[in-house]
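Sharing a structure, written as structure tokens. Questions coming.
Should a chain be cited, it is by its letter among A, B, C and D, assigned in written order, with residues numbered from 1 in that chain.
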Amino acid sequence: MADDKKFAGFICTGCGIGDRLDGGRLETTAKRDGKMQEVKSSEMLCNAEGVKMIQDEIDGGATHVMIAACSRRAKVEAFNFPTVAMTRANLREGVIWVRPDTDEHRETTQEMADDYIRMACAEARSMKAPSPSGEQELNKHILVVGGGVTGMSAALESAAAGYPVTLVEKTGALGGHLAQLYKKSPGKAAPRGLPNALDAEFPGLEDTGVEGLIQQVEENANITVHLNSTLTKTQGAPGRFKAEIATESGSTTEAEFGAIVQASGFTPYDANQLPEFGYGKSPDVVTNLELEKLAKEAAGGPIKRPSDGKEVKSVAFVQCAGQRSEKKGHLPYCSGFCCTTSIKQAIYFKEQNADCDTTVLYTDLRTPGAAGEDFYRAGQQKMVTFSKGEVSEVAADGGLKVKFKDLILDEDTEMDADLVVLATGQVANTGPDPYAQLAFEEAEEGSEEKETLRKALEVAPPSILNLEYRQGTDLPLLKHGFADSHFICFPYETRRTGIYAAGPVRRPMDIQQARDDAAGAAMKAIQAAENAGKGRAAHPRSGDLSFPTFRSEGCTQCKRCTVECPFGAINEDEKGYPVYNESRCRRCGTCMGACPVRVISFENYSVETVGQQIKNVDIPDEFDEKPRILVLACENDAYPALDQAAMSGVEINPWARVIPVRCLGSVNLSWITDSLNNGFDGIVLMGCQKGDDYQCHFVRGSAIAHERMSKVGDTLESLNLEPERVAVYEVAITDLERAPKLINDMAETIDKVGMSPFKF
Amino acid sequence: MTEVIATNQTILVVGGGISGMTAALEAAETGKQVVLVEKRPYVGGRVTQLYKYFPKLCFPTCGLEINQRRAKMNPNLTILTLAEVTDLKGSAGDYTASVKISPRYVNDNCTACGDCEKAVEAEFDDDYNYGMGQRKGAYLPHSMAHPLRYVIDPQMLGSEDAQKAKDACKYDAVDLDMQEETIEFKAGAVIWATGWRPYDAAKIQPYGYDRYADVITNVEFERMADPKGPTGGKLVRPSDGKEAKNVAFIQCAGSRDRNHLYHCSRICCMATLKQTHYVQEAWGDEGKSSVYYIDIRAIDRFEDFYRKVQENANVSFIKSKVASITQSKDSGKPVLNGVDTEGYNRYANEHDLVVLAVGMEPSVDPESFPVEIQLNREGFIEPATDNGGVFAAGCASDALDVNRSAQHATGAALRAVQVVNRVAGTEG
Amino acid sequence: MSDLNTAMTAKYRNNFLKEVEANVEEGEWVKMCMQCGVCSGSCPLGKHWEHPPQEIFMMIRAGKRDDVLKSDSMWMCTSCYNCIVRCPRELPITHIMHGLANYAKRMGLAPKSQPTNQFSQLFWDNMMKKGRVNELKLGLSLYFKDGFGDGVKNAMANQQLGMNMMKAKRMAPMEIIGGHSLKDVSGFQKMIKKAHEIEDQNIQDFS
Amino acid sequence: MAKKEYSFYPGCSSQEGASSSNYMVSVATLCQELDIKLNEIPDWNCCAASIGYGGGGELPRLALSARNIALSEQHNAGQDIVATCAACWLSTREAAERFQHNKTLYEGAQTALGEAGLKLENNTPVRHMVEVLIEDIGYEEIQSKVKKPLEGIKIAGYVGCQTNRPFGIDGESYENPLYLDKMVEAVGADSVPTYEKKVQCCGGALAFSEPDKSQEMIKGIIEAAYDHGADMIATPCPLCQANVEIYQDQINAKYSTKFEMPVVYYAQLMDVAFGRNGKDSALDRQIIKAKKLDDIAK
């Protein structure tokens, strides 16, 4: 029977815990205050016998286990009992390692330990062992959006792993830009042992291989291709996406998918914004992509210039055309592929006619890696000349004159050329900004904000995914219109679970990178489908089986949760009630923190599990001069920082009681008010860095918490408490000195402002 | 004897740096059995030795915490530390790996309480800090180390100190009789993620890394900037411990150079731009950085980061491969000699500290590669069909930054999954 | 040869680069330079170069034929080989500088009064007479290169030096008549004459 | 120990009455002591050093070396060519390597050689005398021969350019080679491994055409030696020896310095240490007397 609960507590006296603390008293506390039916101690709980002792209790029917030992970050493998509800009281890093080992401190140290045991017991009592909802099912079918090299690669890679794929391409053919190229750069470095001789044979140009790729896709029984098609509707969640695929003609098909890869590629930069380079003035000024067309037409013969069809005898390449520039209409970033591409294209000319003069005008030549640098050498070997020069103008009256500053010879100069190639960049094919859409919806009718948003959205690109999500139709955007991710360690973590961007839609890139990126995105898609099938959370709480539910009776349909969820996981039903999509949820608890009526909870993490910990801290009365400070610390950064501080012996004030939270975004204001009402004297909240370079693993959690807490002033006022009793900080995992200091500072603040009057 | 349960549906990951960990975790979280083999006593590799990441200037330990928690929670993943693959036989879908496991002299009873460290006196060069500091003979490599377990330095063996460490441990965790062992197990696919090592700066003779104390490498500078590092985060001149405020960065130190590494190591430009922030952080407007470069390779979105640094009046860029470093007769400070090629300006600039932006070379020597595999001139693994079921991940395949390594490793994981899924298909 | 000097050299076109590649010793390496400037910074006489090597390579690409060949920079090369061993692209810079100097001379563009230009010719002629260098005559011819007046001045200036050398038996007055010589001087000279002929034939016309 | 034989290329400056006759004399003595037989290449010619390029161009210049190698192969077959002069060694080895990599040049040289009735095999190693000492004799052997260790004499090892670059000696660094210091120590003297001007150019042939520019550099070389408290400078290169020694009074005049720094050859150090007299060690051919060596050689 589910509600037949049995509570067992286990106390480790190893690592000096027994020497520093009164073990007997800890047991009593667990029994009497913690209401553990069974309490056992061990001198080494993490070794085989200790673990067996716990397992035996579980086999004997224990459903809730409280382990008082080291930090929850230590001995995780040993204390791993997935079938029960488990909590840990941190007596080592949390207590004895942060307190001096002297008689005068013994009492306060013991009080800390007793409180942590009470808190852990209370937490255990108020939680359930998580189990999947049963909402989920396994759907191995992968939807790939885009039929360029990235999309085709993603499809082939997924199929090769045994996952059926549907590929949707908006044009009438597969191949994307790859199909428009004459040849591709080798993308490999010199073979082993190749000398640096002038006649050394570096890897040369290669066929694009696009036909082969297309053929593989078409012949693959596991891949279904929809040409001239787009997504007109996408709903659901990982494991149960439902997409409506419509052809131009209007016919639609519906299909279900486990996960989605968005490989919508890029649009070449519009060179018409570069009149200074003669584009549009002379047909002999072309973009790098247009040159591919000329090369294809020439098919190995002499490349002809568009104006008069004469063979090109001299060509100038203008690097960074409309890129790496903050001028209006220019791209501020570097597209990464253009240096290599210009070398490749210069070789088109050289291979056909070694006497053709090819000059590359660059400011920084960017051919990174082993393959890159060897390709640079290969170009030089063929006498492609490189000049560090800043092009100011391409004069197109009569012949072409490229005017530039030679940065090496330090002079303004110019050169004639039969043809000028502008090395223009890539613009990501992303949809409209979903947060602009959300803001538009939320904005008051007729308000100025609404109008500006409306205008902005009118000129926004068309939607690619047409997600039926509360938070907009497409993937959220990063800077410069690229899609997620902004994480360095986790390049695929988009803010829309189960939908992974790949290729130039994520960052500008070349063919080789796009193919690797496709494989990575496919991997994540497959993983998302598999985990959705098991009800397991996706990164960063991967494997977590808990998921949010809400009590509809209490819900006021205020929509805070649906608006604030950093992952757009929550929709609204027609009545305005939240609809949780378990497999879209990342289990950060931001919704729970948002809920003013406290109806949202996870089985093992809820307003209750934390609220009970707060309530069970023993608050000495005012005259004991023993304040209490509540510390709510992000479990990913602040809490580990405190652990490490403890390891290096940094002291923490004995009044502090630290509770790790999944994310500061999950902090519900009620915890603040409750703890103040219960007589806590100060509260310190520790989240991750927010803003553009956010380090919050749930992207917006920390930012949202900061916004909420900015309003906590009113609460304090209503209780007429001093505002400085509540402090919110951004804390990094490296703040070994700072994190403890922030807590100790609060103790000093309390010294100044005095004890809370709310003690009973 | 270490027990490893593995079959032809198991994925072997060689190397536990950011690439190896990423590949291993992505595969394990897709339900695959994974064995990860790491040479060091802890996972995380070289990123654990970085102070900050570009371009966000965030902390590597932050992602490491997440990855290590993923590892701790995942029953599909087995991690072997102090272990090296010495041989690999077989073919895709059916490999047998030989793995040599060196003794740690500390078993899993260890609670990381630190008593052994307190007990011993012997100190040795701290390889975690590139030898810039010393650490005890019984040590925890760093405060985030996973497994969170101490190590006994073999150099200490047989000494009184070793015994002291053993006696200090209340949990019989110190086992001085531990022996090296070699185990064999099966694997269907292999992900090769052995990563990189910094190029040996002493080989770049004109820069006198072996002659001048105040010429250091970029990886050493990372440790110096880290508050947990040997100088407690102070930027100082190794020669006299005085403040290093005027810092020179020499790009392509050993890269793009036929005398050293032919290839461009890609990350060094961004690493240097990042490190100019450290100088700024430490000294404000008193901190001056000079970057001597050939080409600044701040690819794609990194350009923003480059622009910000360019806008900083305290950072100057000199387009020049420094010809030589000499020592000032009077001040004893390093003097950089060369020509700024933008308009031909000869310089002899004195700096407090010189940081060589040394490049990445593959950490496995091509000559002693334990596996049949296709390598390019630089010793990086080429993606080739005749590599069978062995797939490179991260810097074993090319010089890559952390983000690209993780990206590449995720792709490599899929290719391994494809192989073991084929096996599963046939084996049912 | 003057016809070669009417060579057309449009800016940033490869004519001159190709001319250098064809006619200058090790000239085919010039295109491999990546403008890092390590050579320019490594030259012991660097500060005396109007155009350091890496800049010369850029000028060649920019088609500045006259500026390069008429420059006296190449003549500053002391053949210390610092540039060669440090060049990341393996350019044999020392030889290219020698080659350019010699080619400039061949083209009649080398600065006539450039002392090293003159000295290298004196050295060559002196050596050609008997197959071995006659230091005394070489020294004197150097002193007197700008006519008798300067010669006497130079000789006086270096008189002490000469006396020292003679005292140390490291200069022999008798060298002035006769001096060391090959037995097979004529064979030697025929060989060199032939070598010159072959080299001349290999020069390509870029006019 | 069996007598070691080499095909010897002395070079113009080593001839009697020439600027580095002291080198020749001291090397001859050295070879007696170490049981080395040097067979002079009959009728060898000048290598044009590194200054012949102006008049000689490429092929004619290389042809000079071709002739020497051919003669050596004809008369001293099977023997490595050994040069004492840096320029001789460099030009000859350079020519040999250029011929290996450049067929056109090789054929050109053959045709030219034909005029002198010679033919080039071009398979003879071209080595410097110090390579013979380090690789074929060895520091230990040299040390074992020392009768009068040069105790208390501090000697700055000045390697210079062309014995060092581009080929290098014994795989040592171009920027901080130590072989000369090792030799200095082998004969019991004190070396100055940190001598920062050890590979500084002395101007080479430009000492003649550009005296001022060269002497400025020579000044630095001598100054640094004084800074390190060196009693003398030792070098393996005849042009270095001459340039650094003979212009000192001109430099003193120009920069009002008081230089009187003896500059000797490694060979002279060994001769003295091996117990030979000043004449055999060519100390009498110093312009600036190496007194401390003279005292021991007495």
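We adopt the following convention: a contact is a pair of C-beta atoms (placed from the backbone, for glycine too) under 8 Å apart; a residue touches a chain by one contact, two chains touch by 3 or more.
Nothing here was measured: the structure is a model prediction, and the numbers come from that model.
Chemist: If you average all the Cα positions, which chain's own average lands nearest?
Modeler: Minimum centroid-to-centroid distance belongs to B.
Chemist: Starting from the Cα centroid of chain C, hunt down the chain whose centroid lies farthest away.
Modeler: So the chain farthest away from chain C turns out to be A.
Chemist: More C-beta contacts across A-C or across C-D?
Modeler: C-D
Chemist: Using mean CA coordinates as chain centres, what's the gap between chain A and chain C in Å?
Modeler: The answer is 64 Å.
Chemist: How far is the middle of chain C from the middle of chain D, if each middle is the mean of its Cα atoms, in Å?
Modeler: A distance of 23 Å separates the two centres.
Chemist: Indicate the whole-number Å distance between the mean C-alpha point of chain B and the mean C-alpha point of chain C.
Modeler: Comparing mean C-alpha positions, chain C is 50 Å from chain B.
Chemist: If a residue has to touch 2 or more other chains to count, which residues of chain B qualify?
Modeler: As it turns out, chain B has residues touching two or more other chains at 206, 256, 258, 319, 324, 341, 344.
Chemist: Among the residues of chain D, which ones contact at least 2 other chains?
Modeler: Residue numbers touching two or more other chains: 174.
Chemist: Mind pulling the chain A residues that touch 2 or more other chains?
Modeler: If we look for residues of chain A contacting two or more partner chains, we find 196, 365, 388, 408-409.
Chemist: Write out all the pairs of touching chains, ordered by chain label.
Modeler: A-B, A-C, B-C, B-D, C-D
Chemist: Report the residues of chain A in contact with chain B in the complex, numbered from low to high.
Modeler: Interface residues on chain A, with respect to chain B: 14-16, 44, 46-47, 70, 73-77, 80, 157, 160-162, 188-194, 196, 324, 326, 332-336, 364-374, 388, 407-410, 478-480, 482, 486-492, 507-509, 513, 516-520, 522-524, 526-527, 530-531, 539-540, 542-543, 636-637, 640, 644, 647-648, 688-689, 693, 695, 697, 732-734, 736-737.
Chemist: For a test of understanding, state which residues of chain D touch chain C in their complex under the given definition.
Modeler: For this pair, the touching residues of chain D are 12-13, 15-22, 43, 45-46, 48-60, 62-64, 67, 104, 108-109, 111-118, 161-162, 165-166, 174, 200-201, 203-206, 208-210, 213-214, 217, 242, 246-247, 249-250, 284-287.
Chemist: Which residues of chain C touch chain D once you look at their complex with the stated criterion?
Modeler: 25, 44-45, 48, 76, 78-82, 84-85, 94, 98-99, 101-102, 105-106, 115-121, 123-125, 127, 131-133, 135, 139, 142, 160-161, 164-165, 167-172, 174-175, 180, 182-184, 187-188, 190-196, 198-199, 202
Chemist: For a test of understanding, state which residues of chain B touch chain A in their complex under the given definition.
Modeler: 18, 22, 26, 29-31, 53, 56-67, 69-70, 72-74, 109, 111-114, 143-144, 148, 170-171, 227-228, 256, 258, 262-264, 266, 295-304, 307, 319, 341-344, 366, 375-378, 380, 382, 398-400, 402-404, 406-408, 410-415, 417-418, 421-422, 425
Chemist: Over in the complex, which chain A residues touch chain C? Could you list them?
Modeler: 196, 198, 314, 316, 355, 357, 359, 365, 376-377, 380-381, 383, 385-388, 406, 408-409, 413-416
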